[in-house]
Each structure stands twice: as C-alpha cells, then as structure tokens.
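There are structures below to look over.
Okay, so subunit A shows up in both of these, paired with subunit B first and subunit C after.
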Partner chain A sequence: MRIPPGVRERDFAAALREFEAVVGKEWVFTSDEDLDLYRDAYSPLFGEPEERIASGAVAPDRVEQVQAIARVANKYKIPIYPISTGRNLGYGGSAPNYSGSVVLDLKRMNRILDVSERNASCLVEPGVSYFDLCRHIEEKGLKVWVDVPDPGWGSLIGNALDHGGGYTMALYRNHFDAHCGMEVVLANGDLVRTGMGALPGAETWQQFKYGVGPSIDGIFSQSNFGIVTKMGFWLLPEPDAYLSGTVNVPRYGDIVPLVDILTYIENAGVSNGMPMLGSQVLAGGGILGGPPPEPELAALLATPGGPRPEDIDAYGQRKSIPCWNLSLRFYGPAKAIEAQWEHTREKFSSIPGATFQPGPLIKLPLTPEQRERVHKPEFGIPSLEMFSIGARSELNPTPTNGHMWFSPIIPRTGEAVSEASRVFRQASQELGIPIGATVIPTMYWLRAFVLIVALPITRNIETNKKNRAAMSRLIQISAEHGWGEYRTPPAFQDAVMGAYSFNNNALLRLHETIKDALDPNGIISAGRYGIWPKHLRGARRS
Partner chain B sequence: MRCRQLVSKPGAEVDLRHVRSKPCLYSVSPGLRSDVTRATLGVSKRLLAGLSLAFVLASGARSSAQSQPDEATLKQGAAVYQYWCATCHAAGRGMPGTAALAAKYKGRQPGVPAALDARTDLTPQSIRLFVRKGVSVMAPFRKTEISDGDLNALVVHLTRPRP
Partner chain C sequence: MTTRREFLQAGIAVSALPIGAMIRAAVPPPAAEAATATSAEPSMPFYKAVFDERFADSVAFADQMRRRGVALQAIRGDITDFWYRDLYAEWRKAPAAIAGLTQHGPLFCLEQLARDYRMRVVFREERPASAAGQDPLFSWVIAPVARA
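Take a look at the complex of A and B:
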C-alpha cells in the first residue's frame, strides 16, 4: 500500500476506512494495479522517480459524499486531488500535481441536471462529458448546440476550469466565460453556490452570472481553492445556416493588415465563427506532417536564420501560391451570413492582390452524410479525431505515447506572428527541436492569439528529459518576450506561474493568501498552478 | 496492514524505458488539422512482444468466452463498446484508432479489419490488456470509467460468436 508523504500510516488507514464508509469499499482504490490507472499516460516524467502518482483514489457519486470526504481529509490532513473525467491529456490527465495525493475521482457524478432549450443552458456534474451532453440533447431532440473542445470525452466542468476552448460562435468558445453559476465544496466541507444560486428559490442560476457581491467564480479555475460539483453553461441555439469563406493574400507582410482587419471583423460581430489561419508556403509539410515540401520550397524554408520575406514573396509569385490563407466562419440566418461574408470581402479587398474563395452555404441541421464529412467541433459535434496527433497512421508509422502542449498567449497582431516565428525558429535550432519556418496562431479567443505546439511524450526517459528541458526553455524564452502560457502540464506549472512575476510575484502571493484562508491544512490539489499550501511552500518555491 | 511510505513508484509492468526514439515537435493549426501527423517514436518492441505473448496465451481462453454469452451481458458489452470504444475505433473517417490499426495491419496482416467491432481474432486477455494498460496515444481506462463488470461484458461482446 502507498501512503501520502508526511501522513502517519495509522492515520491513512483510518482515513481510508472512513472514505469507504462514505462511498462504499468498491469505490476506494489502493492497490498498485488500480492506482496505475490514475497515472498520467502523457506524463513527461513517466517512469521517473519524480513522476506524480496517487497513493489512493476515492470515487463519490454525490455532493454529500464529496463534503464528507473533504471533512475526513481535513481531519487526517490527507492531500486530495479532484479530477472530473480525468482526460485532460496533454495537460495532466488523472494524476495529481503532488505525488501521494488521493485522487478524488468525480467521474461517477455524471448527472445532467437540466438542459433548457428555452434558456439555451444546462446544469451538469463534473463527470458529464461532451459526448454525454450531446447524446442527451440529440435523444431529446433539443435545438441547442454545445461548444465542444477537440477531445469530446472531456468534462464540461473540467475543461472550463482549465480554461479550455472550442470551435463554434465566439460567445461560446471560451468555456469558462460561457459558464453561468457554480456549486463548490470548500476544503472544510461547506457547500457554496455562486451567482443567483446563492438566493433560495431563484430560477435564474443559469441566467445571471453575478448575483450580488464579488464575482468569485474565477478563483475556482486553474486553482485548488475548492471542489466544483456543479456548473451551469450557456448553449448555442441551433443556427439556421453555416457559411465559410477563405481570404488569400499574396505577400508575407500582408499578415499585418490581414490580422488587423480580422480583428475588426470579429470585434464588430461581422464574423462570429472561429477563424483559422494557414500558409501553404510556410506551414506546408514540415512541422505539420503530411507530404514533404517540394525541393525548392524545402531549400527556401531551410535558409539559415529563416527565409527572408522577399524570397517568400518571390517564391509565391513564381508558383502562384498566396502566402496566407485565412478561413472565416459564419453562423446565422442564410441571408444575413451571406451579407456578412460580402462585407468581409469588401473589408479585406483593401489588401492588394487579395482573393476570395466562398465555401458552401450549409443549411442546418446537417444531414447524416454531411455530419461525416465536416470538421465536427465546428458544428458542436464531439469527436476524438484530435488523437490522430501522434497516433499511428499511414504517414506516421512510429506513434508517440502522447504529447504535452506548449501554449503561449501572444498579441493579436501580424507583427507578433512574425516575431514569434523568428524567436521560436531560433529556439528550435538552439534546442534541436523542429518548429519550422513559422508558427500559426490558434484563434479561440477574440482578443489574443495562442500558439499551440505539441511536444511528444515517449517511453524513453532521455528523450522525455530532452523535451522537458526544451519546454522549460521555451517557457523562459516566452517570458522574456512578454508571452505567458494560458495552460500547462503539472510538471511546468511552477515555472509558468513563476513567469507571471510582476511586483515580486504579487499575484502568486495573493493566490497563497486565498489558499491559506480557504484551505489552511492544504488538502486540496497541492501545487495546482503553482499554488502550494504553507507547509510545502518553502521547498517548492525555491 | 502493511504499508510503505510513498516515494514514487513508476510501477509500469511493461517497461518501455529503453526504447529508442527520436524527438519531434509539431504545432497545431486548426485549418491544417487533418495534416497533423508526424513520425515521432519507434513503437516499443518489448510492448509488441508482450502483446504478442498475450495473444498466444489468450488463445486457449477464447473458446470459453465464446460459449453461450447471455443476452444481458451481450447488451451491456455492446453498450460499453458504443460508449467507450466506437468513438475512436468505429469504421469511417475521423477515427484515429481505426486509422492506426489500418496502418498497423496493412501489408502485414491484410485479413484483419481495422474497425474493432469487425474483428473476430480478439482474445479476452488482449482486450483487458489494451483497456487497462493503454497503447500508444490511447491512455488506460479507470474503473470509474470501465468497471471490471463492464470490461467483462465488453470482452463478451468483442469475442461473441459471429454468424
């Protein structure tokens, strides 16, 4: 049997007995065989002494049991680590931040408590996955969509709390922003409802976020201040139609007006879907896999110090390939979105040489045949297609064992895309990792870009060590340029939080003040996003 | 009760730590998502060897699983398959599990279907091994996801006699 560090054997044994009394013997796991299922299969520390592993797992199926478990954990000072579906792969999976914690596995709490077509909202427990909610909606024939992230087996609550994003309309793509109302078990076992949920008899828990007083929901995301047991989310009423269109611009430098016009188009509400940027010149082959670039392009991309803009432009002109392709998406009434696309074309026409390719107008709902052809998350359909990354395929005969994500926020400008490309190209040479000629931002959010770069996880310790060193250096290089990660695996959470260091780490110090007030024994998720309880702080902060 | 203080125990039953690999890094652009695949790591020869052994060991157990599965268990197993496996292993596009197995068997075992539910060669032990140990990018499934009872039913479903 494993026991948590610093906990007396007899206390742990007593705590386990009390956990069993709460949830039943069947739902307390202590054998190595069962606990190995809680290892993070995508851990960059896999198989090393520093790998974060659990000393137990307890799986309640209702909130009263969560409260009871918190009280027992407090009584014996047992570190616990709540997970929802445990599928945050690439950002931690089901393993704790602090080795020896007891995983509080909330997967069994999988009730869909409410779906309101009229209010376009839902209320769910942590174990509810995107697949679960979408199946429920389909079975009931409700005309609402869920904004889903790439892997559909994740938890709505877990994904929102880790600041995940999706692919439909801007209003719903930021999953934490799209939540409305929370229920939280505090470390002492007390139960809190936020917003209108605090007012007995209110019918507006999923309608008005704030209630009255401080808006406190944010402190329960990417933190360890409580255990979220319910969350409400706003859903997207099924749109009438969908339209996509692509803007092509010829020159490398066109990225600057391209991004500026895009930002206007989105902030003004002209295009409400998720834009996607691509480059047949700079991103073909190379880092994104697929067929290798033809020899002339390969030589251009391999230019020491990176290809020069004038050479990129000359190549594109010779081959009649525009440098950038920006794909835009529109949801709404067919006539309205066709007019929005027309207005979009007018705006981008100010870039000399811009060309446009309208995609098909798709009347919704999709037919079964259409469902199989589309990129599902854009239509609120959960899928696991994202796991083609690293998986074996015809193009990839040697699969990985997973990946970890490096995901810095950069400014939403063309200049920043160029600068980040330059910086990370240089870093890739320094670190011996292929990043390629440019980095392509992802556009979940209206006001900033995020770069999402995957580093592979292997079962080779030396390779993992090298990739961890690369990740640490990338975090450091980012911070030197004012770029910080929006999310990171547990092994890097201290480093990433440490980069947000204004005024002698005032923000982290505030987090610690809150931690000490809400969870004085430090039982919940020690170390999550760099927030350590007082008794572990000294060693971890150094 | 015998206890030991937790330091950290890797505890991997399939030791893959000495497998040679080559590093890679790729970035994800949603617009080019379908192109995102890249060679990164040589698959473990030891894992393959271990799995082959499992297949061999399992061959004897297959007949017992095939004998008269009851309707309720078959139904439960089909539901487990639909819920947990079909999202990645069904026939059709956008199924990384199916694509991976198609690539795995192409040219080597041409008769083996890529979609899991169409297979007739799966053994109870191999199914249990993959569910509880995972393989490549497929992480293992916890007992709060697929309970031992569900796993037994899944085994019955995937090894059921076919017409």
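Take a look at the complex of A and C:
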C-alpha cells in the first residue's frame, strides 16, 4: 500500500477505514491497479520517480460525504486532491500536485440540479461533463447552448476553475467569467455558498454574482482553498443564425491595424464570436502545425534571425497569398449579423489591399447534415473529434504520448504578436525544440491574447527531461518580457507562480496567508499553482 | 503489454467468447508479440466491437467479429457519436467490455472514458502501419477492473 509522505502507516489505515465508513468500502481505492486510473496520461514526468502518483482515492456522491472526508483528512493530516472528472489533459489530468495525496474523486457527484431556459443558466455538480449537460438540454428540448471546450469531455466546474475557455460568444467562452454562484466545502468541513446563494430562500443564485460584501469566488479557482461542490453557469440562448467571414490582408506589417480593428469590433460588440488569426505564409511547423511548408517557403522561414518582413511580403506577392487571414464569427438574428459583417468589412477596408470572403449564413438549429460538417464547439456541441486528427510528424513522432501546453498571455496588439514570434523563434532555435516559425494566438480573451504551444511528451525519460528544461526556460524568457502563463501543468506551477513576482512575490505571500487561515493543516491540493501549506513551504522554496 | 495476471483480473461475466483468441483470429499479430493467448483465458461478452471503416485490416476484423455474433460499431476516426448516442448509456447501466481495431486516437478516448466506470485496457497490441505515413492500428479490449 502506498502511504502519503509524512503520514504514519497506522494513521493512514485509520483514515482509510473512516473514509470507508463515510462513502462505503467500494468507493475507497488503494490498489495499484485502481490508482493507476488516476495517472496523468500526459505527465511530463511519466515513469520517473518524481511522477505525481496518488496513494489512494475516495469517491463521495454527495456534499455531506465531502464534508465528512475533509474532517477525517484534517484529523489525520492526510493530503487530499479533489478532481471533478480529471480530464485536464496537458495541464495535469487527474494526478495530484503533491505525490502521495489521496485523490478526492468527485465524478460520482454528477447531478444537473437546474437548467433554466428563462434565465439561461444552470446549476451543476463537479461530475457533470459538457456531454452530460448537452444531453440533458437535448432531451428536454431546451433552447440554450453550453459553451464547450475542445475536447468537450471534461467537467464544467473543473474547466472553469482552471480558467478554461470555449468557442462561442465572448460573454460565455471565458468559462470562469460565465459562472454565477458556488458552493464550497472548506478544509474544516464547513459549507459555504457564495453570492446570492448565501441568502436563504433567494431565487437569484444564478442571476446575480456578488450578493453583498467581498466577492470571493475567484480565490477558489486555480487554488487549494476549498472544494467546490456546486457551481452555476450562464448559458447562451440558442441564436437564430450564425455567420462567418474572413478578412485577408497582404503585408506582414498589416498585423498591427488588423489586431487594432479586431479589438475595436469585439469590444464594441460588432463581432461577437471567437476570432481566429492565421497565416498561410507564416503558420505551420511546431508539433501540431500540419504539413511542412514547400521548399521555397521553408528556406524563407529558416532565415537566420527570422525572415525579414519585406521578404515575407515579396513571397506573398509572388504567390498571390495574403500574409494574414482573420476569421470572424457572428451569432444572432440573420438580418443583424449580416449588418454586423457589412460594418466589419467597412472597418477593415481601411487596410490597403484587404479582401473579404463571406462564409455561409447558417440558420439555426443545425440540420443533421450541417452538424456533421461544422466545427462542433462553435455551435455548443461537445466533441472528441480532435483525437481523430493524425498529428504524427517528423517533429512529433509519438503523438500518442501527449503534450504539455506552454501558454503565455501577451498584449492584444500586432506588435506583441510580432515580438513574441521573434522571441520564441529564437528560443526554439537555442533550445532545439519544435515551436514553428510564427506563434499565432490561439485563445482570444476580449483584451488579451493567449499563445498556446505544445511540447511533446515521450516515453523517453531523457527526451522528457530536455523538454522540461526547455519549458522552464520558456517560462523564464516569457517572464523577462512581461508575459505570464495563464495555466500550466503541475510540474511547472511553482515556476509560473514565481514569475508573478511583483514586490517580492506579494501575491503569492497573500495566497499563502489565505491558505494558512483556511487550511492550517494544508490538506487540500498541496502545491496547486505554487501554493504550498506552511509545513511544506520551506523545502519547496529552496 | 498486459500480463496474464492482469488479464485474469478482468472480472467480468463469462460467456462463450475467449477474447485473446478472438482478437488474434481476427487479426493475427506478429509472431513475436503473440504472448498472452492460451486456451485457458477467461472469456467475456463484448457489448460491441469497434472498427474503423477507412482501413481494410479493421474492416476484416469487423467481419470476423460479426461471424462470431458480436455487434459492430463503425467509426471514421471519431468516437464522439458512438459515445454520445450509445456507449454512455450502456456503461451507465453497467460496465461492459468492448473490443476494437482502431488507430490510437479512438482507443485513447475510450480508455479515458472507461476510467469513469472503473474499466481499463486489458489487452493492447500495436500493429505495424500498412501504408507509409499512416498511423499504426491497435487491437484492444477494454473491460472492468476487478477489485483486489
């Protein structure tokens, strides 16, 4: 039997017996075979002594059991690691930050407690997946959409708490921003509801986020201050229609006005779907980058120090390929979104040489035939299709072993896109890692871009060590430029949090103060996002 | 590769179908990898056999399974519909073994989804890609984990 570090065997045995008394013997797991189900399939430490491994797992099915488990864990000082469905692949999966923790597996808590079509909101437990909620909505014939990530097999609560995002309207695709109300079990077993949920009899828990007094929901995201057992979310009323369109601009330098106008039309509510920036000239490469460029373009992209803008422009002119393309999406009444697209074209026409490709106007709901052809997450439909796309390439010969995400936030400007590309291209050459010629934003928050670069995981320990060192260096390089990660795998959470170092890491010190107050024995998710309990802090900092 | 001990711990109901032998009969493995099949292997009913209709080897596997009376599920790389419309409801009722010959992506998805029902891959065998640049196929069985 595996034993949590620092816990006496007899205490662990006693705790397990008490866990069994709470949830039933069949829902406490200690065998290697059972615990292997909680290994992170994408762990960058896979097979190494440092791989994060659970020493047990306990699976409650209601909140009272979660409270009882917290009290037992406190009594015996057992480290526990709550997961919802454990599908945070690329950012840790279901394995604990602190090896030897007992996984608190909440996937049996999978009740959809409410879906309100009138309020366009829902209230769910942690084990509810996007598939579950969409199936419920479909079965009930409700006219609401869930904004889903891609892939869509994870938990609404887990994804939102880790700051995940989706593909529809800006109000909904930032999943933590789209939440409204929480229920949280604290380390001492106490039960708290936030916002209007704190007011007995209120019918507005999923309507008004703040209630009264300090708004504290944020401290339970990417943290270890409590165990979230319910969360409300706002849903998107099913739109009447969908329209997409593409803006093409010819020159490398056009990225600056292109992004400025994009930002304006999004912040002004003219374009309300998720944009997607691309380049037929500069994109490609990297482990997820598709086929290699043709020889002339490959030679251009391999120019020492990076291709010069004038050479990029000349190549594009010779081949009649615009340097940048920007896909835009619109949701709403057909007449309204056609007018929004027209206004969008007028705005981008200020860039000399800009051309436009309107996509089809799709009346919703989708027909079964349309459903097969579209990128499903843009229509609130969860999918696993991305796993069927072959990713094997010279740069990534074993895609089956997964990847880790490097995902810094950069300013939402064309200058920042150019500068980040320059910096990471140089880093890629120095570190010998496959990033690609140009790093193009992948996530689009209203006022920031997130770059997402995949570094491969292999089953070769030496290669993984090299890639981990590269990841650590990328985090450092990012910080030197004022770019911080929005999310990262457990192996790098100390480094990423350490980069947010203003005033001698005042933010982390505040986190630690809150941790010590709410969880003095440090039982919940030790080390998550760099927040260690007091008894482990010194060793981790050194 | 699954050990015989692990294989035997796939604690599920017995029927007339010896799984390792079936998989091998359907898709003969390279001789060096034919390690675990014996006539004493446990047998199990498959809820369905999953095949990818884009690949001849996978279609041949489906033909073999059909002749043995196993229900089939065709995919084209993506298991979303199979999961959403079918397997989810079946596994919620009770864990049920499935077999397949697919690329890694569908297997990986089903393996991850199976964890929620305390099932895992009890048999996995990579087969060389039949065409240059094509990802290899895997023959596999997912079944419930026996409690120690």
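Quick notes
We take it that the second predicted complex is superposed on the first by the 521 of 542 C-alpha atoms of A that agree within 3 Å, B and C clash if a C-alpha of one lies under 4 Å from a C-alpha of the other, contacts with A are read in each partner's own complex, and residues count from 1 in each chain.
We take it that contacts are C-beta pairs under 8 Å (C-beta built on N, C-alpha and C of every residue); 3 or more make two chains touch, one makes a residue touch a chain.
Computed from a predicted structure; not experimentally measured.
In the superposition on chain A, contact is made by A:Pro4 with subunit B only, not with subunit C. Once the two complexes are laid over each other on the shared chain, residue contacts for A:Asp34 go to subunit B and to subunit C alike. Judged by the touch definition given at the top, the superposed model places A:Leu277 against subunit B, while subunit C stays out of reach. Applying the stated contact rule after C-alpha superposition, one finds that A:Ser388 touches each of subunit B and subunit C.
Once the two complexes are laid over each other on the shared chain, residue contacts for A:Lys107 go to subunit B and to subunit C alike. In the superposition on chain A, A:Trp153 makes contact with both subunit B and subunit C. Contact with subunit B, but none with subunit C, is seen for A:Ala454 once the two complexes are overlaid on the shared chain. Of the two partner chains, neither subunit B nor subunit C is touched by A:Phe176. Residue overlap on subunit A between the subunit B contacts of one complex and the subunit C contacts of the other covers 34, 36-37, 41, 85-87, 89, 107, 131, 153, 376, 383-385, 387-390, 392, 399-400. Here subunit A touches subunit B in the complex through residues 1-5, 9, 12-13, 27, 29, 32, 34-39, 41-42, 46-53, 55, 57, 59, 85-87, 89, 93-94, 99-100, 105, 107-108, 127, 131, 152-153, 167, 274, 276-278, 283, 287-290, 325, 327, 372, 375-376, 383-403, 428, 432-436, 439-440, 442, 451-456, 458-461, 463, 466-467, 470, going by the rule given at the top. Taken together, the subunit C residues at the contact with subunit A in this complex read 6, 9, 76-80, 83-84, 88, 103-106, 108-109, 112-113, 115-116, 118, 120, 135, 145, 147-148. On the side of subunit B, the complex with subunit A involves touching residues 1-13, 15-44, 83, 87-88, 92-97, 99-104, 106, 132, 134, 136-145.
Listed in rising order, the residues of subunit A touching subunit C in the complex are 26, 31, 33-34, 36-37, 41, 85-87, 89, 107, 131, 135, 153, 376, 382-385, 387-390, 392, 399-400.
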